[in-house]
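Before anything else, here's the structure in question.
For clarity, chains are labelled A, B, C and D in written order, and residue numbers in each chain start from 1.
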Amino acid sequence: MFKEMHDLFQWAWLIPFLPFLSFLIIAFVTKRSKRLSSTISILAILSSLSLAVAIGLGVIQSGEKIVEHPAIVNVNWLNIVGLQIDFGTIVDPLSAMMLFVVTLVASMVQIYSLGYMHGDEGFSRYYAYQSLFASSMLGMVLATNLLQLFIFWELVGLCSYLLIGFWFFKVSAREAAKKAFITTRVGDFGLLLGMLFLYVKFGTLDFVALSVAMNTNIQDVAVIGTAGYVTVMAFLVFMGPVGKSGQFPLHVWLPDAMEGPTPVSALIHAATMVVAGVYLVARMFFLFDHADPMALQFIAGLGAFTAIFAASIAIAQDDIKRILAYSTLSQLGYMMFALGVGSLTASMFHLMTHAFFKALMFLGAGSVIYAMHHKQDIWEMGGLWKKMPITGTTFFIGVLAISGVPPFAGFWSKDEILAHALHNGHPIIYGVGLFTAFLTAFYMSRLFFVVFMGPEKKENHPHESPWSMTIPLMILAFFSVFGGFVALPEHNFASYIHYGTFHHEPIAWGLAGISVVAGLLGIGLAYATYIKKAISAEKVAAQYSGIYKLLKNKYYVDELYLWLIHHIMDGLAKILYWFDIYIVDGVVNGLALITRGSGRVLRRTNTGQLQTYAMVFFFAVVIIFMVFAFGEGQLSALNPLATLGGVK
Amino acid sequence: MTALPTVSSMSMLLPFTLLAPLAAMLLIVFLPKEETKTIKIIAAMGMLVSLVLSLYAFLNYQWEPGGMQYTLTIPWVPDLGVNLALGVDGLSLPMLLLTNLIGFASIYASWNIDKRVKEFFVLLLILIAGVMGTFIARDLFIFFLFYEIVVIPIYIMVIIWGSTKRVTKEYAAMKLTIYLLIGSAFLLVGMVALYLAAGANGNPTFMFDQLSARQDLYSPAFQKVAFALMIVGFGSLISMFPFHSWSPDGYAGAPTAVSMIHAGVLKKIGGYGLIRLGIYVLPVGASFWAPYIATLAVISVLYAAFIALAQKDLKYVVGYSSVSHMGYVIIAVAALNPTAATGAVGMMFAHGVMAALFFSMIGFIYEKTHTRNIADLGGLAHQMPRLAIGFMIAGMASLGLPGTVNFITEFTIFMGVINVLPVHAILGIAGIIFTAVYILRTIANVLFGPRRAEWDHLTDIRGPELVPLVIFGFVIFFAGIFPNVLLGMIDSGVTSSGLAKVLETVSQAKIGGLF
Amino acid sequence: MIGNFSVGLSTYLLVGAMLFCIGLYGVFAKRNIIAVLMSIELMLNAVNINFIAFNRFIWNEKIGVNYLLTGHVAALFVIVVAAAEVAVGLALIITIYRNRQSTDVDDLNWLKW
Amino acid sequence: MFNITTVLTPEIALAVLSLSLLAIGLLIPAGARKGMMPLTVFSLMGVLGYTLYDFFYGPEAAFLGGLYMHDQFAVYFKILFLAAALLVVLSSGGYVQKLPKHRGEFYSLLLMATLGMMLMAGAGELITMYVGLELMTISFYILVAYLAEDARSSEAGVKYLILGATSSAILLYGISLIYGLTGSTELLEIASKLSGNLTPASLLATVFILAGLGFKISLVPFHLWSPDIYEGAPTPVTAFLAIASKAAAFAVLIRVYLLTMNSQTFSATGQTLLFVLAAITMIVGNLIAIPQTNIKRLLAFSSIAQAGYLMVGIIAGGISGIKGVIFYAMIYVFANMGAFAVATLVAEKQGSSEIKDLSGFWHRSPLATVVMTASLLSLAGIPPLAGFVGKFYLFSAAMDQGNVAIAYIGFVMSMISVYYYLSVVKVMFLAEGDGLPEVPVHGAMKFTMVFTMLITIAIGLYPTPLAKMAIAAAQSLF
């Protein structure tokens, strides 16, 4: 039966291709008609969704086999001396899961956008970008080798650039888009290098071939060089995810990316693209596994740091979307350190659940913003629950999910991560994770209480969003509630997606209890602060004004980067330009000047006095004679008369 | 040994390709200068013929035997051993195609010229034909002949149709011309020396293949000197630091079509020459100089990228960026291995297409807004979406976005370079970041941002003006998505032309590696 | 041969050389064009002396033949040419005098640089 | 065996022609003198045709006891002189019409000069050479000062006279010394007698002769006269002076150098000294040309530089070197002639020869502009024009002798020369030249321009025929 499944899997290429087709159609044919464009795009993504579901089911049915032997289709793409690259599709549980998540969220978002983007003059363009994004994201998921993955990786980057800057007339959007692209480029620089070194050492970039090559040659110093070499490669490759998934030093772009339309933020900057880094690390996990342990240590540490770092910033933010952005960063940190502590399963699991509930919350926020006529400051909102019941409810589900309240999806995944952290012997990481969970619960519920509870504001007249927007919310809410159950033994998520020998981790109820408590504490604190006003947030802020400023200004990282760019980079640029004009070019012009000048000087030798000419003439003769004569002392005795007399 | 006249079924293909523009040129010469429309159409027709022919040559080229095809050899100056030898292989064919693509597009890019139309197109066609000739020449003398033919029309075109910005167009033109000519003086000396050395055993020749077949006649010392001369000559042509300072000024001064052709193909003659003549004929000299060239190349990559950050004039940005991109080509040449060589030629093609698109778009912007000062522009995407698309495509190609041909060629270069000159490679790759910075800044400041009332009267590009966008856009993405079409061709050239073998022997002598 | 006052080839050559140098000096120093012209004549005559002297002393004395007259012929040619030169020269001087009312060499400096 | 008259036909014809022109000019009334130009042209064409035939089929002879050579080398140069004369006459028609008086004598003097040059080319003996040289020079004295009313012209005449006479005096002194040393004035005999030993006297003689000829080819530092004379002289005369007299001097120099100077054992110093002279000539000529504002003066300096290039070939020696020289000398005729034709046109129509008078020439006379551009670029040695091939011959010959430095200087200098050539081109193309008159080109002038340009391009594209002739001529010397 695996056979016919395999026939099915061979059609996987259709999943990215259909959206691409719709992109082409919209771009070249139907961009005039908004309705047609959106319809085509949504149809395309929905058919991709159904295909993805089919493939997912196929994967589940084919069971163990496919875990060991992914269904791979390859066609030669580039074949020259010293560089052979294939393009193809790989179908295994990992990619199947990603396919499902991406197509689902993407289709939800596209449907949602019907309402949200209604009346925007760039409507068709928007859907074209959406389709392009979907196809490149899916292509990346299906990539069979690192280069192919990198290509789509960059393409999703491009789409993110285009969509962040969708309202390009807004200077802020324009700048944010630029920032996003450049920041991720820094990471890609490392990824590119890593790829090159990998190819140099192993002669292939194909995931399967690479892992085989590593397993066989890991001891063979001749091939691999020192273990340090692999570690170097691991770090280089990891730079990519750091940029893409907004890990600590390169996280700055993600919050600004919120300048884009909210559905975009939901799709790209919460659910799918930003987790590409996590996905890449998962795909390349064998590399990190073979590298020196410190590589994974580093990933875990960085992830944990990012998690708490971003969470702490989120506490002090006022913009609804920025809060969600920082929470995304923090959750990405979670996934990273899950990988770092060696649990591919947990990480992927959290990736999935997070995709559901974060997309949900973003779309919810979107519908709030829509209702508030594009106000985003949470303090200008309040008591929206009554006005927008569906949005409110679904959003609340999201909050519970992210806070890790059972039985919502977030609970399972987060718990699994924390459990692995502790079991694989990273107590500190575990502690950080736990505290982050608490913070997360706090700021999320803070957001919820401020926006939906509390007194209503007179000035705004919110109303529930149209169906096109609420239906996706409900669907996503459904997944946020039940998405976690796949971890239950009978569904056995872990037996599909894992690295190395599969061993099932029973849910440790004790640990789970602790994290649940942490989550509830957070919610409770928020309740006490923002509903009951038992604790005055202002007082706390005033008391620790230093820390508060620090958090509010995101630890001044942006300022630092700006300073570096404007003073160091541009300064250097100016200096070099000066050097180029006045030194390099100066030499050239100087030579020209000398040439012309010497001409001007030399022409003075033509005095016009013919007697001068005559004298010059004759003395030149004399000098030449002298040079000839004494040039090499060939005429010792110069006595012309005597020598002439010689003929007498 | 003057090669015997080879009879190949297709031997007249290349002459016709070369003569089509010249025929059009002659037609135009005899047209009254008022018939501007007809003149333009004839010019376009001429280029179209030549484009179609070269496309046919490209598609009909047999990779399997490879080597020089469509060859034609006529003894020209027997006492010098000069043959009028034409022919193309995997290395030159892409460049030929590129020349015709850009030539054809450049006609349309200058469709709105209204000043001295007749003279403009006459000179333009001569220019194109000259560039074409350098790439199909199999004889060094002919190669050089065609190369120098090109220089003077450019001068005249710049002084008449150019524009004065930071520097006057007269200055720019003179700088461009004299700089390249003096560079070519070095080249000439090297060429004559090579010719004499090769002719030592009695039968002089200029044929590339025979020059390289007579390796044993060149002492290592001689090779070093000769190659040094080549570097200066070709290096200043491909604008390698520190011989680059003509290029930004030149492009800034030149009219659009000239900038397109100059940055698009003319510059590539330098890289092509370095490969065809430098490596192929003087491998020992090449391997001696390679580390130094590589260093200079890396400097040009980063240095020019940084300077581009500080530019205020669009053409200067692209001018410096082309200097920076050429740095990659030179690194690849210095890496001395087949992969890198393939990448180098591929990169030349890719950059040619990209630069031409960029310059044509800038040309339209300048034509419509009468400014190239980035600060004065902004929000053009509102009024001119199609132009914005073209500009975006060019920009994205320039920063090596996957899916564009520029990415895969750059990648090939890095792949070839990384294990020979790792440090250079890493530094060079770091350049992609800064490239992204200045390109994105430019795009952001020119196309995006709030709508500006003063540009509301502008009309988007349409009709003939779209030709460059369509052609180049198509090529960029097609070759980017199916790289085998281009790189496979070049690869066959590298292997079949014997270049690979030469590189094989050279690479035995390890050069400036790290590992 | 110091103290030997026999008039030999060297004497003639010496005279010739002196004459030549005097003429040269005249060309350098004289301000009047006509004088310069005459100095040139001196130089040419110096040449003539050389020719004649060589002819006389080499052939007619050393070898003792009297019919090789190359030197004489040369001298004759020189004289003729010199005459022509002077003729043209004087004509030119007249024209320049007509134009500039001066025959001073220093005034001939319109064409320079 | 051959008969002297057949061999000497061109010379005789030219002598007769010039004398008869003189007579006709006196006899027929002033009104009817228009016919003289065509007459000159056609008779010159006839002679040229005969000489061409002579080159390929004529006998190889040295007669009158080696006094007069009739080898292909000589005939090659005769062709050159005749061609130059023909082109000058053709281009000068309109100019001569504007002359105040003595129109008839103009052509006859031109032919006299040509005759002198032919004698020089053929001379196998120093006195003959001298006579030819003086015949040429004296005719030029008159021609240079031809504009009797123009003070500049007569000043140039006087200057040329004084300096020319002085130089020829020095040349003669050298000849006399040679005669004294060898007892002969025949080159071959001199060579055999001089061979080997280098006495002070022979050295002095050599230097004097070198200087005398160096003056004619305006080799730095003997060049000072030429710019002034070129500027002052009537433009067609300048053209003839620049092209033909220089070529004639080269013809002589080659013979003398190969036979006498070469035969002595010069020290390395001597060789290097000559190289230095050649190098200085190229450098100085090109550098001073840059700031010039007068087209004739600019061409004067450029032709000084050209002399430097030619010297390189002579010093390189050997068949290849000589071939290079005489090949270049020929194409130099056409390149320079084109430029001077335009200069003549300007002088004729605008009565001046400042570069700024060429403003807007592109509008006023496209043909002239194109011709000027082509000629200048050929002088600069830009392919596909003839100059490139010529320079290639010269410098490759030099490099073949291992003199890379001189070749390098040559190449760089010729590229620098592009600078001032282009600045002329720039004026013609760019400047608007408002208020300046139209300059229609037709008749003989048009023919000259088109012809020279076509030849320049043709030789550049397919140099083989001329190269063959040059090789044949060069071989006849060895």
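One rule holds in what follows: a contact is a pair of C-beta atoms (placed from the backbone, for glycine too) under 8 Å apart; a residue touches a chain by one contact, two chains touch by 3 or more.
No experiment lies behind these values; they were computed from the predicted model shown.
Asker: Of the chains shown, whose Cα centre falls closest to the middle of all protein Cα atoms?
Answerer: Smallest centre-to-centre distance to the global C-alpha mean: chain B.
Asker: Looking at chain pairs A-D and A-C, which one is connected by more C-beta pairs in contact?
Answerer: A-D
Asker: Can you work out the whole-Å distance between the CA centroids of chain A and chain D?
Answerer: The separation of the two C-alpha centroids amounts to 76 Å.
Asker: Please compute the C-alpha centroid of chain B, do the same for chain C, then give the distance between them in whole Å.
Answerer: Their C-alpha centroids are separated by 66 Å.
Asker: What whole-Å value do you get for the distance between chain A and chain C if each is reduced to the mean of its CA atoms?
Answerer: From the centre of chain A to the centre of chain C is 97 Å.
Asker: Just give me the whole-number Å value for how far the CA centre of chain A lies from that of chain B.
Answerer: 35
Asker: Hey, what residues on chain C touch two or more of the other chains?
Answerer: In chain C, 13, 24, 27, 36, 58, 108, 110-112 touch at least two other chains.
Asker: For chain D, which residues are shared contacts with two or more other chains?
Answerer: Correct list: 158-159, 162, 166, 170, 180, 227-228, 416, 419.
Asker: For chain A, write out the residues touching at least two other chains, lowest number first.
Answerer: Counting only residues that touch two or more other chains, chain A contributes 603, 606, 608, 610, 614, 618, 644, 647.
Asker: Under the stated touch criterion, can you name all the chain pairs that qualify?
Answerer: Result of the pairwise touch check is A-B, A-C, A-D, B-D, C-D.
Asker: Going by the contact rule set out above, which residues of chain D touch chain C in the complex?
Answerer: That would be residues 127, 130-131, 134, 138, 141-142, 145, 148-152, 154-159, 161-162, 165-166, 169-170, 172-173, 175-177, 179-180, 183-185, 227-229, 231-232 of chain D.
Asker: Which bits of chain B are touching chain D when the two form their complex?
Answerer: Those residues of chain B that touch chain D are 76-80, 144-145, 148-149, 151-152, 155-156, 159-160, 170, 174, 177-178, 181-182, 184-185, 188-189, 192-193, 195-196.
Asker: State the interface residues of chain A toward chain B in the complex, per the touch definition above.
Answerer: These residues of chain A touch chain B: 76-83, 147, 150-155, 158, 165, 168-169, 171, 174-175, 177-178, 181-182, 185-186, 188-189, 192-193, 196-197, 199-200, 225, 569-570, 572-574, 576-577, 580, 584-585, 588, 592.
Asker: If we count contacts the way the header does, which residues on chain B are in touch with chain A in the complex?
Answerer: 175, 178-179, 241-242, 244-246, 249, 303, 306-307, 309-311, 337-339, 342, 379, 381-382, 396, 399, 401-403, 407-408, 411-412, 414-416, 418-419, 425-426, 429-430, 432-434, 436-437, 440-441, 444, 447-451, 483-484, 487-488, 490-491, 494-495, 500, 515
Asker: Residue numbers of chain A touching chain D in their complex, please.
Answerer: Going by the criterion above, the answer is residues 595-596, 598-600, 602-603, 605-606, 608, 610, 612-614, 616-618, 620-621, 624-625, 627-629, 631-632, 634-635, 638-640, 643-644, 646-647.
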